[in-house]
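Next come two complexes, and both contain chain A; in the first it sits with chain B, in the second with chain C.
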Partner chain A sequence: MTDNKGKRNGGLGRREFLATGAAVLGLGVTGFPAVLRAQPASVKVGLIHPVSGFIAFSGTQCREGAQMAIADINAAGGIKSLGGAKLEAMLGDSQGKPEVGASEVSKMVEGGVHGIVAGYSSAISLATSQEAAKSMTPHIVDVGVSDQIVDRGLKNTFRFAPGYGTIAKFAVDNLAGINQMSDDKAKTAMIIHEESLFGTGTANLLQKKLPEIGIEVLDVIKHANPTRDFTNIVLQIKSKKPDLIIPANYYNEYVLLARTMRQQQVKAKGIYSVLGGAASNYKFVNEFPEAAQGIMDCNHWFNPKSEVALQRKAAAEAKGLVYTYEVFLAYNAVLALADGFERAGSTEHDAVNAALAASTLDMSYMPYGPTRMINGQNVGARPVNTQVLDGKIEVIFPQQFASAKPVFPMNS
Partner chain B sequence: MRTLIILAAVFAALGLVPFFVVSDVWLNIAIMVLYSALLGQAWNMLGGYGGQFSFGHAAFFGTGAYTVAVLQVQYGINPWIGLFAGGLAAVVVAAIIGYSTFRYGLKGSYFALVTLAFAEVLRILSNSVPITGAGVGLLIPLQVAPSNLQFADKGSYYWLVWAMALCAFAAACWIGNSRFGAQLMAVRDNEDAARALGVRAYSVKLRAIMLSGFFSGLGGVFYAQYFLYLDPHIAYGASVSIESLLVPIIGGIGTLFGPLLGAVVLHAISEVSRDLIGDVPGISLVLYGALLVVMVLFLPRGLAGLLIRRKAAPQNRKKQEAEHA
Partner chain C sequence: MPDLAIIIPSVLNGLTTGALYALVALGLTLIYGVLHIINFAHGALLMLGLYAVYYLNTRFGLDPYVCLLIVPPAMFALGYALQRGIIGRAGHGRDENILLVTLGLSIVIENLALFFFKSDTRIIDTPYSFEVVQIIGAFVPEPKVFAFIGAFVTAGLLWALMSFTDLGRAIRALAKERKGATLVGINADHVYAMSFGLGIACLGVAACLLLPSYYVSPQVGQGFVLIAFTIVVLGGMGSFVGALIGGLFIGVVEALSGLFLGESLGQIGIFAIFIVVLIFRPTGLLGHKV
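Now for the complex of A and B:
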């Protein structure tokens, strides 16, 4: 009688159930120690981007790229020197405001973050890296191009992509090269830039350097963010008839400027962007192929001859992403941080900072030279020149990465 | 006297916060609450007590911020001097705006629009002249030392903003209980009647805007020293002006504790909405906006109005009962 107590429909009795449960529990604790105990703690990576606000598109692209990198690293076995520890994303939204970005950093630091990747815009990156410096939390700037970011001597701040000093020099040198190769040389230029740190800084550098290669700057026009009507600016361009138009602005403004120039039938020998928000962007090229045709850009880009880079591009596109520079720069920043953990074999801030400062990460999927860190900046990082030709974004400089030859003047 | 004692007690309690709050995150929230309360109280002196609604308090905030930054970065002048210089420079800008608006009888929406225009002009100017770093902005070098008005711990920043807010609230308390305050409120309620009683409306409003500008300028100095980076959009952008007026409107316009209540509630809503649904981009802002709309609809006199109504309710009942009897 008692044996059958508690049994229902031939199921487990209460005693059997308790005995089996205890056995399973015992086996769990003693029988699978490798599974239960050796699972290393996850490595927390803070991702702070402006996923809301006026630069939300770019911020969201950054977040997507960074999360792709985390997924890929985890799928490949995590951080091996830490026993295969998995990366765990901590997400933060800076809302496009430096102070919100800084407060996200302090939240993450308190939440035990081991490293931070931030913050798309230069102004936000300045604030987030400075806040992270107070606890020496390793901080990698993914996109922000201002050279002030790495000039402050912060020992926790690193950038693996080029800054605008390098980009502006590269842009001017290559423009000189393109001009030399042409029979119909450009002699004058107008710079149209957005008013914040990135646009103004880039424009200032170009204004100094262009006369050195024999190009006179006729005018520099600054516009606010956002600007939704470029008619007056384009009419000014039309009246001054520059050979070259050099835009440096964010995506929306770039698209509107390019479309207005097309509508107003501005004739120039070339549109040569420096960090043009849309010129090296598949979304712009696909949606407005006529406005994009022939535009040259000096910008961040991947190595089109690298299988790894092309696979990553295909994977991003399979997810429905437009493969913009935000995606691959944020991806690279996470890779660099993970490499820092790997080399350090630790998540201790000082050890990871030291590993990042001495990083020699193989970045052959980018058109860079060997990685060499000086004051937190990868001096091997370089931009490329691209040109939109027949609906495709082709690399035209440097030669070893080129997929097409430059067409200049653009309508020739 | 009772108000002064309550104010002293509230600020004494607030001054103890760093002793009890060890979390940097919570301390940062407390700092931002006091910073918002400071900006809100500065606006309240002119808009709440004086009835002159400004949409351009960023003009004072940005001037204070840029003064301390420019003096440090371009001239190597110690930021402790810059702190007072920032407040005084904001007073000068306030005097110019006050003179050019009150002198010519601008009030209501005209005054609001002109203040907005001044802030915009200053934004464009700071975006163009080299001394402010133009569009590149100014980066104050990170040299953590109390002598540089930079602190290693958040507790010290807290006490800095606490001291600024205390001065602002003490000034507002003085306005509420002084002859000057009575004149200012008389101008707010009926300027013509106040004039008829001998109040020099122009002079009263001018003094109010200068006082308001001073504290807004101090808010700018604090921002510059806390975040160490300024650009024209941060300093003179519309968001500062909006924050300055939103805080007292939510908390209770023309009341002493309204800006503090408003700052607490706004930051609480912001933090809660971000923590609840922070990973969905922008949704927290939508929730934040919706809650603001609800509060403005159902609490037109702000949170302080709710407290005053509750306090007044039993008295009103007694009055009604007496009338019925």
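Now for the complex of A and C:
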């Protein structure tokens, strides 16, 4: 026998009705919180990076930075406009391959991801953002510098860091300034770059812009990833005797190139990397202070005068991380995405994309101008020029962030 | 067209790099020649050797060349244990099983390395890292000169071991005729494991000689393993002299094709020659028809 006391036609019983009514009223009194608006218990953030394969070091650094940001946001109360919903990381490994990155995106979309931060390299970022665009999943590119990423008109793709167009212009303008200040001016250069989208695109831009400031490009040498031996390239540099050597490559290859240049006793007025994988890297500078001495780099950097930036650096170092640009750019990308959720007050893709497109996020911890998004790109983003001086990475340009004056020629 | 003055330094560089390739290939050719195992885990095991040298240097201050007394014997023991405990058992004597087992081992080892050592690229600094020897006007880094000498010494020792010791005779007997060798009292499982151990010990030597001029990361072996396979096929499978000559040859071809075709296309030279050799001399330069 079933207990049908008080129920009519299978509806609510009197007691249940009263209890439910009281609960509903109670919720009304407490402001009808997010629970009844079907808000997610957590906001799923996909982190897709090459944590294995030939750029695994950089990919892992990105992942660490992004996870630090998630932990910090959650510790500070999560996404407040979503009732304090916590961010939940969904981890993906692109293995350094664009197609694998894209398939990680589709897996995450099936898994109900609310936003994606990817993909470190330009080629991978192109693929992941394209795939995410099919479902209009908000996608933030953390590092990938190719301008093609934001030039395709994808409404779900955003980048808060500078692209190589901005970086190459900045690098060449500052090089002109450094040259002007010096009595021993550089007149020739050789560009050594890795063969993927990032290295090739950067090298093309530099090749076009350097003659405009009176520097002749003697040769442009492209190399594969990985390259086991740089002696041939360095021999070619030696035979052409350029005043400036401009590398644009990933960490491992940069280290081997710098070591080989030192072994082969290459004498140049300057090594001026543009997005060089190691010259703005504490690991390289600490391990090879002699090989790193005097190298200049135009690269992503934090605002060395910002307390927030220095605190984040200390926190990363306390975790045993080397504070490379991968760490803070991925951290920033997660912050920007979280800000998008916060201002959208929703995880609805279109609402978050609209919020990101209108972002004015305060990024004073970076050496940037005010955040302003045009076609998904933060046009306030800027690189800086650094130089390794006495075992330290010093900012030499722009003036307001500088901690040292440039030394050029590098051995002067 | 590159400057002619850099051709000699480039050839010298090719020879020294080729010697390192030869060292990696020596172990591979021994393992193939005796066990007929195509060891896909060769690159991953080289990586383990490099990490061993790295930690002995950074934790205990041991010079990489002093590590020659520790790492190759340790790698020998590892190789012996792998063959006896995993490859021999899981392979059940079938080539395709063994192929898959070594491939699986390489994936497991690389991922374990990624987990334990992280993906950092690590480098050691030695007093001679940037020292060079001047040969015909070219600067050849000292670590590469040592590696060059080391490759010849290792090949010589292997040859002597195979020619003049009981173990060598047992290995050769097993390679030629397993049943016959077993009938005359040779313990096949033990000798197979000894051969695998010796092959992996060669990687230990290569690791000690390589690290002063190179780096280590969990993926580092991948860059060497394809080249080593090419050298083994080019030199003739199972031939030590062939591996040595093949290594030097591939080193020079890589250097010169990089110089003339551009660095990105440098590898094309290697594989073009590889294809030509396979077409006209499928047994390799010093291989014998079975």
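Quick note on the criterion: the second predicted complex is superposed on the first by the 372 of 412 C-alpha atoms of A that agree within 3 Å, B and C clash if a C-alpha of one lies under 4 Å from a C-alpha of the other, contacts with A are read in each partner's own complex, and residues count from 1 in each chain.
Everything that follows uses one rule, which is that a contact is a pair of C-beta atoms (placed from the backbone, for glycine too) under 8 Å apart; a residue touches a chain by one contact, two chains touch by 3 or more.
All values derive from a computational prediction rather than experimental measurement.
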Partners on chain A (chain B, chain C) - clash or fit: clash
Which superposed partner A:51 touches (first chain B, second chain C, both, neither): both
Partner chain(s) touched by A:239 [first = chain B, second = chain C, both, neither]: second
Which superposed partner A:99 touches (first chain B, second chain C, both, neither): first
Touched partner set for A:287, first chain B, second chain C, both or neither: second
A:185 touches, of chain B and chain C: first, second, both or neither? neither
Contacts of A:169 with chain B and chain C, given as first, second, both or neither: neither
Contacts of A:86 with chain B and chain C, given as first, second, both or neither: neither
Touching partner for A:134 - first (chain B), second (chain C), both, neither: first
Partner chain(s) touched by A:262 [first = chain B, second = chain C, both, neither]: second
Superposition clash, chain B against chain C - the stretch among 41-49, 95-103, 257-265 or 293-301 that is involved: 293-301
Set of chain A residues, in rising order, touched by both chain B and chain C: 51-52, 56, 59-60, 195, 222
Touching residues (chain side chain B, partner chain A) in the complex: 23-25, 28-29, 32, 127-128, 134-137, 139, 141-142, 152, 154, 223, 227-229, 231-234, 239, 274, 278-279, 281-282, 284-285
Interfacial residue positions of chain C with respect to chain A in the complex: 2-3, 5-6, 9-10, 13, 17, 110-111, 114, 118-121, 123, 125, 129-130, 132, 139, 141, 213-215, 217-219, 222-224, 255, 258-259, 262-264, 266-267
Complex contacts: residues of chain A adjacent to chain C: 51-54, 56-57, 59-60, 195, 221-224, 226-229, 231-233, 235-236, 238-240, 251-252, 255-256, 259, 262-265, 283, 287-288, 290-291
Touching residues (chain side chain A, partner chain B) in the complex: 51-52, 56, 59-60, 91-93, 95, 97-99, 102-103, 106-107, 109-110, 123, 126-127, 130, 133-134, 146, 148, 152, 154, 195-197, 199-201, 204, 222, 225
